[in-house]
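Note sheet for the following structure.
For reference, chains read A, B, C and D in written order, and residue numbers begin at 1 within each chain.
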Amino acid sequence: MIESPSSPLAPLAGAHVRAVHDAFHGDLLEVSMGPHHPSTHGVFRMMVTLDGETVVKLKPVFGYLHRNHEKLGENTTYLGSMPYTDRLDYFCSMTNNWAYALAVEKLAGQAVPDRAEYLRVILAELTRLLNHTCLAGFLLQDAGASGTPLMYAFREREKILDLFESLSGSRMMCNYQRFGGCRVDPTPAWFDAARRVTEEYPRFLDEYEALITGNEILMARTQGVGRLSAALAVSAGITGPMLRACGVDYDLRKAEPYGFYSRFEFRVPLGDHGDTYDRYMIRILEMRESVKILQQALRDIPAGPIFDSKAKIRAFRPKAGEAYGRIEGPKGEIGFYLISDGTGNPYRYRIRPPSFVNLTVLEDMCLGHTIADAVIILGSIDIVLGEVDR
Amino acid sequence: MSDTPVITRQDRDELRRQGILLTSIEEVYNWGRSRSVWPLQFGLACCAIEMIAASMARFDIARFGSEVFRPSPRQADLLIVSGTVTKKMAPQVVRLWNQMPEPKYCIAMGACAISGGPFKQGYNVLKGIDRFIPVDIYIPGCPPRPEALLHGLMELQKKMRGEKLTGPDVPRNKQPDNPCEYPVPEFGAHDLEPAKNPDIWQPPAPVRPDKP
Amino acid sequence: MLGSGIIQGLAVTAKNLVGSFHDPARFTTTQYPEERTKLPENYRNFPFLVADAANDPIGSLRCVACQICEKECPPQCIYIEKSKDKKPDAAGKQQFFPAVFDIDTSVCMSCQICVEVCPFDAIKMDQVFEIATPERFNALLLDRGQLAKPNTYYQQIHPTEAAEVDARLAADRKAGEEKAKAAAAAAAAKAAAAKAAPAAPASTAPSAPKSPAVPGTEAPKPPTTA
Amino acid sequence: METPEQIRDRLLARFPGATVTLVVNPGASGQHSLLLDPANARAIAVFLRDDPVLRLDYCSNATGVDWPEKEIVETTKVSVPDPAGGAPKIVEQKTKRIQPGYLEAVYHLYSMALKTGPVIIRLRTGNRTDQVALPSLTPVWRACEFQEREIFDLYGIVFTDHPDLRRILMWDEFKDHPMRKDYVEPDDYEWEPTAHDEVLVRAKAHAAAAAPAPVAPPPAEAPQP
């Protein structure tokens, strides 16, 4: 029971709360969030030190999904690692495939036919749509909009997954790219379906934005929360939408155009506050740009082979050397570093995981905010544990 | 109570067709339980995404009474181990399982949860969650489609409906020697200690006909 | 106005709610056990072995136990044991066959690499996914008997792909037969030549026209060495 | 952008005491790298980051590589002893030498400002057992923070001056460095339905380890069938 100590006219309730706060002030509370926590996007764990509700220290703990991907990659063939890359960032199997294929192609000096390059762009942009849509849903879930935005996001996700499934045979684990091309040539019906999805996507984005972007609660929860300065972001190797939300113009599709990205017209949206709202908006804007790329790619895709006739599937032994290939994945820069010793297995197989590196600044962004904000800041980083821990 | 019921299931079905609804406490109890299985909101890896997809509009696990994903193990009936259990995560999974109230069930969803799956050669991957906790339904697939998860859930419901309230073949949770708590492994210098729970993990020896 | 964003969002939700009653595009649920989404042709779950004869699937497997898939399988979930003897395949060629062919579905990650590397079109991806089971040790390892499925089943689940494969196999078979015929002819010619040589070294030319009559009797022989 | 040779020459001019070696990549990618000596690595890294021509402000990837000790039998075919006046003969000379093992940290540097890269730098430890310290580059590029922790965890390279060097992926009690090539996996093998040869071998080894008394005689025989 809290009773006001003196006359009811004096504004004392606040003073009393203040006194209670002061009595507890300085007693830090250490909370372990995760690895089983509904809002940590899997098995991520944060050791949070709280002063009241304010985060004064935050140490991420990794490794709860450390599946030894790199060790397995060194023990299996080059081709054998391809299905494992699907399971890295399990939202974006197509871009993971592409990054790996790109690195191996660099290592072996392989060419890719034009049609395959176009297909890769199409599939990568579909993946970007898929990933950003899901992220928007999960972010809102973290903000407390339980269920509804995620339902909308997953409804759209199913449409893209249907495309992936009818092309590659699996909803999530596509295993579609090969060194020197792609695996299956899409049918005209598939292209029609892809065009339909692409055409309808802006409508969904409008609907989604009407649902949530202007929402005052979302703005209050995200604007000014988790600010990240451009200098820190560059130093900490932040990539992807998180970096661009800080206003740094660095998108590998423009900066180091791999594949055929130089052929497409699109813009790179940049934020100016570097806060959680910017990170959300960057993704929405990127989706609109992705739709533009998709429209161009689906319009221009040439006929031809999808697989380089000189490429090998079995007994693939690139000569000794090393290569680092990277692409702009939906979460940031995903790279593969391969060292070949001339045998059928890579000597060193390393994945540069974007969301793992992006977590470097989690503590910096959370300090001074409340624990509830830490949840939404984590959501805006867009982590997938399969990739963080590998 | 005798082992052979006076009125068999066939009799009951026949009576139901004739318009006489005859039921037993057992049946009502199991019916109620099997149609409100509350899973733990617990995702591990790739399969968790398909589990979320199963709870979304397209597949709608709510039609099976299981849409209430509880964030707390104290309120959950079903542990869906959806994804790779690493050795670093295994103690936490066992702890969650221990915190769930009986009767509780476990579905191992996907190859990784069953046997370590494609990652089974990894040094940090637990080769199947059934080394530490008893699993009721195995859903192979990598990852299983959401429909496959729903099918697994229906299999679980079937299993629950067949459970007896009394007698010698009562389910695990009613057996007198049922350990409500399973030993939680600890982190060792090279591996989990112990690396398995021998009470529930009794694999057959690998055999090959010609080379014993 | 404060709150307009929320109201706008609620309007979207309301539109979807009402729409779900009359607009099929907004009603997305598949009533799974009763109603099934049509699986795309390319859908893959676990591998199966293609058999040419529907009445004797195990006896007519296309698999010749070359063990390429076993070696290439990334998680090593295939186990093959080659037979000791040979038996004729669909083309009448003497081939090894798998005495044991196991796929561990508790490990398989449906990556389709076994299908890609198979030079005989013997292993393909199945589409059955309702395989949840309470059994751990016995139900998840599929043996030769469970894996063998007739070609008609393959044609049913992957019609386009199966048609291509069938056409390719038929072409191969035809080419093989022609080659065998040619080889037989050549062998026969050689044999005839050899026979003719000691008798009359000068009369090799006349013996050559005789050879086309011979292959009929000798045709099955050459492939055994192949 | 400057070639690795140019960067090397500039570094050597700028840091007279340092050794900077060009490691040629024979592969198709042509990504050559610069091997730095650990003593000067930090200063060189700062220079690379702040140099107005390079401005390598972004460390994309930091990783470890394990090169265990190996015996190299070199068959130098090209040794051409010229007998006086005669045609040069090609004689195979076999030289055996033990290449000492070392651990390597590789950093891929890019410039976000200039959109160029990569410049790859490598650092090598003295050996794989006791001289495993390297200077941490986290003070130069924050991006290395977790990646160097990961290298420490999986390879066992100790980064001096790292702000928070702990295990990151494995648990703290863990003793090994599992990404090293000579890492022995724990024996948690009980059962695997596919009876491959190595499966049977491992099953046998596991049975022997689990019950030493009854299964003691069989391990004497060669396990490889």
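Basically, contacts are C-beta pairs under 8 Å (C-beta built on N, C-alpha and C of every residue); 3 or more make two chains touch, one makes a residue touch a chain.
Bear in mind that the values here come from a model prediction, so they are computed numbers and not experimental data.
Asker: If we look at chain A and chain C, which chains touch each of them?
Answerer: B, D
Asker: Kindly work out which chain lies most centrally, taking the average of its C-alpha atoms as its position.
Answerer: Smallest offset from the overall C-alpha mean is found for A.
Asker: Taking mean CA positions as centres, which chain lies farthest from chain B?
Answerer: Centroid comparison gives D as the farthest chain from chain B.
Asker: Using mean CA coordinates as chain centres, what's the chain A-chain D distance in Å?
Answerer: 29
Asker: Please report how many Å separate the Cα centroid of chain B from that of chain C, as a whole number.
Answerer: Spacing between the chain centres: roughly 35 Å.
Asker: Averaging over Cα atoms per chain, report the distance between chain A and chain B in Å.
Answerer: Centre separation, chain A to chain B: 32 Å.
Asker: Between chain C and chain D, what is the separation of their C-alpha centroids in Å?
Answerer: Averaging C-alpha atoms per chain gives centres 43 Å apart.
Asker: Indicate the residues of chain B shared as contacts by at least two other chains.
Answerer: Within chain B, residues 57-58, 88, 115, 118-121, 123-124, 142, 145, 203-204 contact more than one other chain.
Asker: Going through chain A residue by residue, note those that touch at least 2 other chains and give them in order.
Answerer: In chain A, the residues touching two or more other chains are 63, 66, 68, 71, 83-84, 87, 155, 158, 173, 389.
Asker: Residues of chain D touching 2+ other chains?
Answerer: In chain D, residues 169-171, 178, 191-193, 195 touch at least two other chains, as defined above.
Asker: Mapping chain-to-chain touches, which pattern fits: line, ring, star, complete or other?
Answerer: Complete.
Asker: Write out the stretch or stretches of chain C touching chain A in their complex.
Answerer: So the residues of chain C touching chain A come out as 2-6, 8-9, 11-13, 16, 28, 40-44, 68, 72, 74, 109-113, 116-117, 125.
Asker: List the residues on chain A that touch chain D in their complex, please.
Answerer: 62-63, 66, 68, 70-71, 106-109, 232, 234-238, 248, 250, 255-256, 318-326, 333, 335, 337, 339-340, 347-348, 350, 352, 356-357, 359-361, 389
Asker: Looking at the complex, which residues from chain D come into contact with chain A?
Answerer: Residues in contact with chain A: 25-29, 31, 57-61, 63, 65, 106, 108, 112, 115, 117-118, 120, 141-147, 154, 167-171, 178-179.
Asker: Touching residues of chain D toward chain C in the complex: what are they?
Answerer: 191-196
Asker: Would you mind writing out the residues of chain B in touch with chain A in their complex?
Answerer: The touching residues are 41-46, 48-50, 52-53, 56-58, 71, 83-84, 86, 88-89, 92, 96, 112, 118-119, 121-125, 142-143, 145.
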